[in-house]
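Paired with subunit B in one complex and with subunit C in the other, subunit A is shared by the two complexes that follow.
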Partner chain A sequence: MSDIFDTLSVLILMTAFVLMANKKVKAYIKTFRVQSALIALSAGILGVGAIVDEGRYDLMVVCVLIVILKVIYIPGLLHKTYAGIEYRTEKDFILNIPILVLMSCSLVVFTYFSLSASGSINEGGIDPQLVNTISVTMIGLLFMITRKKAIGQIIGFLEVENGIFITAMFSTQGMPFIVDMGIFIDMLTAVMIMGVLVFKINITFESINTDRLNKLKG
Partner chain B sequence: MNYLIYIVLQIIVIIVFAPLINGVIRKIKALSQKRKGAPVFQMYFDLHKLFRKTTVVSETSSWIFKAAPLVFFSTAVTAALLVPVSTIIPQPLTLPGDFIVMVSVLALGRFFMMLAGLDTGSTFGGMGSSREALISSLIEPSIMVSLFTIALITGSTSLSKILFVVNNSETRLPLQVSILVFLALLLIIIAETARIPVDDPSTHLELTMVHEAMILEYSGRHLALMEYGAAVKQLTFITLLVNILLPLDGMISRAGIAAILLSLLFYAAKVLIAAVLIALIEINSVKLKLFSIPNLAALAFILSFVAFLQYFVLGGNHV
Partner chain C sequence: MSFLILAVPVVAALLMITTRIIGRMHSISITASGTMLVSAIPITRDILAFGKIESSFMGGILYLDALSVIVLDIVLLIGFLACIYSVGYLNREIILGAFDFKRVRFYYALMFSFMFTMLLALSVKNVGIMWIAIEATTLASAFLVGFNNDRYALEAAWKYIIICSVGIALAMLGVIFLNLSAMATLSSSAQLDWTALMDNAGSLKTSSVRLAFIFILVGFGTKAGLAPMHTWLPDAHSQAPAPISALLSGVLLNSAMYGIIRITAVTNRNMGSSEFTGNLLVLLGMLSILTASVFILTQKDYKRLLAYSSIEHMGIIAVAIGFFTPASIFGGLFHMINHSLTKSMLFFCSGTILQKYGTKQITKIKGAIKLLPYTGTAFLLGLFAIAGTPPFSIFSSEFSIMSAIFNEGDYIIGSVLILLLAFVFAGIAIALFRIFYGTSGTETPRPGEINMPGTIAALILLLMIGTMGLLMPGQLEELISNAQNIIYGS
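Showing the complex of A and B:
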């Protein structure tokens, strides 16, 4: 069983790398969709286990919520935002893509070593799922700071959120339901506000390059 | 005496059926475009035609131009002999570290092809050679890392030993490692055999061609050897992919002729699956521009490196 979760965590990590190697907004949204679907799949498998073993239905509800929110609703919202703005491809990076991908790889190594240094979490051997999922969060942060356009940063934020969520789910085998709900509602509000803001930035400045906002400073 | 039979069997399987894989991939592509397409055996007809045609050699070229097709074809055949098609058939060539030999032998063939591209002094040849050098230097690290990952897990650098360990039903590769290495090798095959996201095999458009640009000056027998060598190399890589990562031979418990035939049947089915997969990738993607290829290569490298890391994270235990 843990073999399946190891594989799923590796695949989620892989989508983080694919996201990093992409530069088209359409591909961002598609990859995010795949990542969320993988998370929903892991929640579903855990949920089936929870129903059979303990009779808890909350993880199944979480799985359905992930499918509705992260696989269908939020990517759709991003598509709508993206249709309203000018650019299609991310052009100016702080570093070029191969270097960014290699940096993400070194983040995985860094996570591994920092987890192995903190001995209290791991009883005999490090959990590969933990390494992979925490790496997703780290790569999401790197994604966020290396993309200059607002829509890339939103995707980065969502990836960080995905990473934290899947870390919590794998390490606790299902958080309390109220915590899950809180996270979802927070994320939904954040994405909606960001979507509106991207629109506003685009209308006011005719571009969503966040660097230009710096010109507002006196 | 027995070994002679096995060598012949290995040669027949890889070298005789290599052009067929190209035919299958082309047929699937044609069907996806609602065309009837050339027959599956078209490449055999082409090779037959080319072998009978006059060979034209440029006056300004040196011996390298004439030697390169022979070197390229013979290195491809050598590499094909190193990758076993089935664990039931004992290997004609087994030596420790033979996948390193395989990669370096293929690199030798590619080196001669690049030299031949430069030799005639035509602009396209030089351009193709420099592009090929770029792509191969980007893709080679990921071949080595992914094969070394498997070697570390199985505890051997000999391909036939690796296959034996992988096919034993008690000592499978961990699932996540095999998925990652599978994806990495798929990207490697696409780059090595000049398929669509990296290079378009069916066009002679000056701006984009890589493989075709290098062999542009060849004709007749030489061209046939080049094309045939490329097909053999492609089937060698596909064999490596399917035999390491889709092991089925462990299910055969008997020995003898029937077991060999059954394992070859499995092998054919696996190769067909891989060919369909490659064709699907070709259909569903567009050719990348040359400067986006490093991104793809970085992804292939990362896939193999993360597989290596998974082995490391899992505690480095042998299977």
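Showing the complex of A and C:
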């Protein structure tokens, strides 16, 4: 069983790398969709286990919600937001992609060593799932700070969120159900608000480059 | 029963949507916030008598004790006064033609959702739900920060939601580690409860607790405006409408600080000493005070000046909690109350000045005392108070924190702290001279107050900080020492 989750966590980490190497906003959304589908798959496998072993249905509900929200609804919403704003091909990233991928690699190494330095998190060896999933969060943060477009930052935020969600699922076999629900509601509202703000920023600044948000200083 | 207070802002927000008449919206808002403030009295009395209030609703997630009720009372008091202030503020904006009834409705609905999320964060015992509520405060207030819809406000709102959401996401990682630390010892329903974590702190896994503390400190520290995660704060506080700035600064920062205080208490009890948490908190706190003092000295915008001063005071509270002696905790909690009251009053005054003069530049609001006799005076006295001048209450709490630090024998940190506070004082004094020295320029508005209800709200706060500096009510002292026992463990 643990092998399957190891594999899934590696695959999720791979999507984080793919996302980092994507150049176009449409590709970001596609990669995000794949990443969410993998997370839904993990939740589904855990959910089946929970039903068989303990008769708990909460993880299965979580899995269905991930499919509805993160695989279908939110990518659709982002597509709509992106279609609604003026499209101009602009370079979106600050550093070039090979450097970003190398930086992502070093983040994984960094996560590995910081987790092993903190000792007895998992006595007798480091949990590779924990390293992979926390690395996804770190790469998401790097993604956010290296993309200029507002929509890239939303995707980065969602990736950070995905990383944390999968960390919670693998390490604690699911947070309490009510907490999971609350996280979903928060995330959905956050994406909607960010979408509206992107629209407004596009109208006011005639661009969604966050470089232009530089008036408030000091 | 006590927790019905949570339903009031929800009902108020829903009622706002049903009406189209601005006068009715004002009365709904005053009634709702007044009801909440009045119902806080029996709650506080119960806490003083029984120590805690619990409810069996939804598996017993609701819980209040002396620590949460202090912050809760601040939310309700400032919330009520902000509602009073909003009446005059919004009416003025309507006269100026900036707002119509739809905007006012949107404003009130969001403001009550914002208050609901803060009340929820304070009245649950599950860390996970508290995290959800804190994230929801960001979401509820994002549009309020960007309410003016111009370039500046949108920039502030975007920075606010992105930086705070990411910060809070890191706090979630901390919550997960906290959950991990308790997995071996606690039953799954109690793994995230403050009370269970406190009672069984000794048996939690230390390495996970340590990681949890770091992540939660960074996450909630972002929300509390601790440097170097403070960058959203000056923008958001200066761009939001004045009553919202007052709520952000006087209330929201405390709610985040409350989370930090709770996790500090758990971590310290788990590790048996306050060295680890103390070093981090004192470091971030001193860094915040240093950053704030530099920006205050060179500040040209009076709302940003107040925002940086909030960073400074959050830093002082963090240092006080970091020292973790009974006296310093007491001073820190008292300081939290004083800062909220003083800063909200200052933001109320700054809003009136902004509406009168139409500028946030310090150099352009000369003669404010002549044009706005009450607001100007309150602003002047409030600036003295926030800089730490006696007889106001900020002075007494800063003094008790200082003496707690020197009693611990930490002369270096104590002296640096005093030096930095002197810098802040100098910065605020320079601003004061620029505002109040000299006569008003050639093109100035006509004298006279423009927001009478708001001015009264500010004067009430001024009266409170004036009297609390001289004489601390016995019940407040009892409440704070109860909270101090909860944190320190009696």
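Just so it is clear, the second predicted complex is superposed on the first by the 209 of 218 C-alpha atoms of A that agree within 3 Å, B and C clash if a C-alpha of one lies under 4 Å from a C-alpha of the other, contacts with A are read in each partner's own complex, and residues count from 1 in each chain.
Please note the rule applied: contacts are C-beta pairs under 8 Å (C-beta built on N, C-alpha and C of every residue); 3 or more make two chains touch, one makes a residue touch a chain.
As the structure is a prediction and not an experimental result, all values here were calculated from the model.
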For the combined arrangement obtained by superposing on subunit A, do subunit B and subunit C clash, or do they fit? fit
Touching A:Leu141, do we find subunit B (first), subunit C (second), both, or neither? second
Per the overlay, which chain contacts more subunit A residues, subunit B or subunit C? C
Of the partners subunit B and subunit C, which touch A:Asp6 in the superposed model: first, second, both, neither? first
Under the stated touch criterion, which partner chain does A:Ile201 make contact with: subunit B (first), subunit C (second), both, or neither? second
Between subunit B (first) and subunit C (second), which, if any, makes contact with A:Ser171: first, second, both or neither? second
Counting only touches as set out at the top, which of subunit B and subunit C does A:Leu102 meet: first, second, both, neither? first
Nearest approach of subunit B to subunit C by C-alpha atoms in the superposition, in Å, rounded to an integer. 20
Check: subunit A residues flagged as touching subunit B and also subunit C none
So in the complex, which bits of subunit A are touching subunit B? 3-4, 6-7, 9-11, 13-14, 17-18, 21, 97-98, 101-102, 104-105, 108-109, 112, 125-126, 128, 131
Given the complex with subunit A, which residues does subunit B contribute to the contact? 174-176, 179-180, 183, 294-299, 302-303, 305-306, 309-310, 312-315
Hey, which residues of subunit C end up touching subunit A in the complex? 58, 61, 126, 128-129, 131-132, 135-136, 138-139, 142-143, 146, 149-152, 154-159, 161-162, 165-166, 169, 172-173, 176, 179-180, 183, 188-189, 191-192, 205-208, 210-211, 234-235, 238-239, 295, 298-301, 304
Tell me, which parts of subunit A touch subunit C in their complex? 118-121, 134, 137, 141, 144, 150, 153, 157, 160-161, 164, 167-168, 171-172, 175-176, 178-179, 182-183, 185-186, 189-190, 193-194, 197, 200-201, 204-205, 210, 213-216, 218
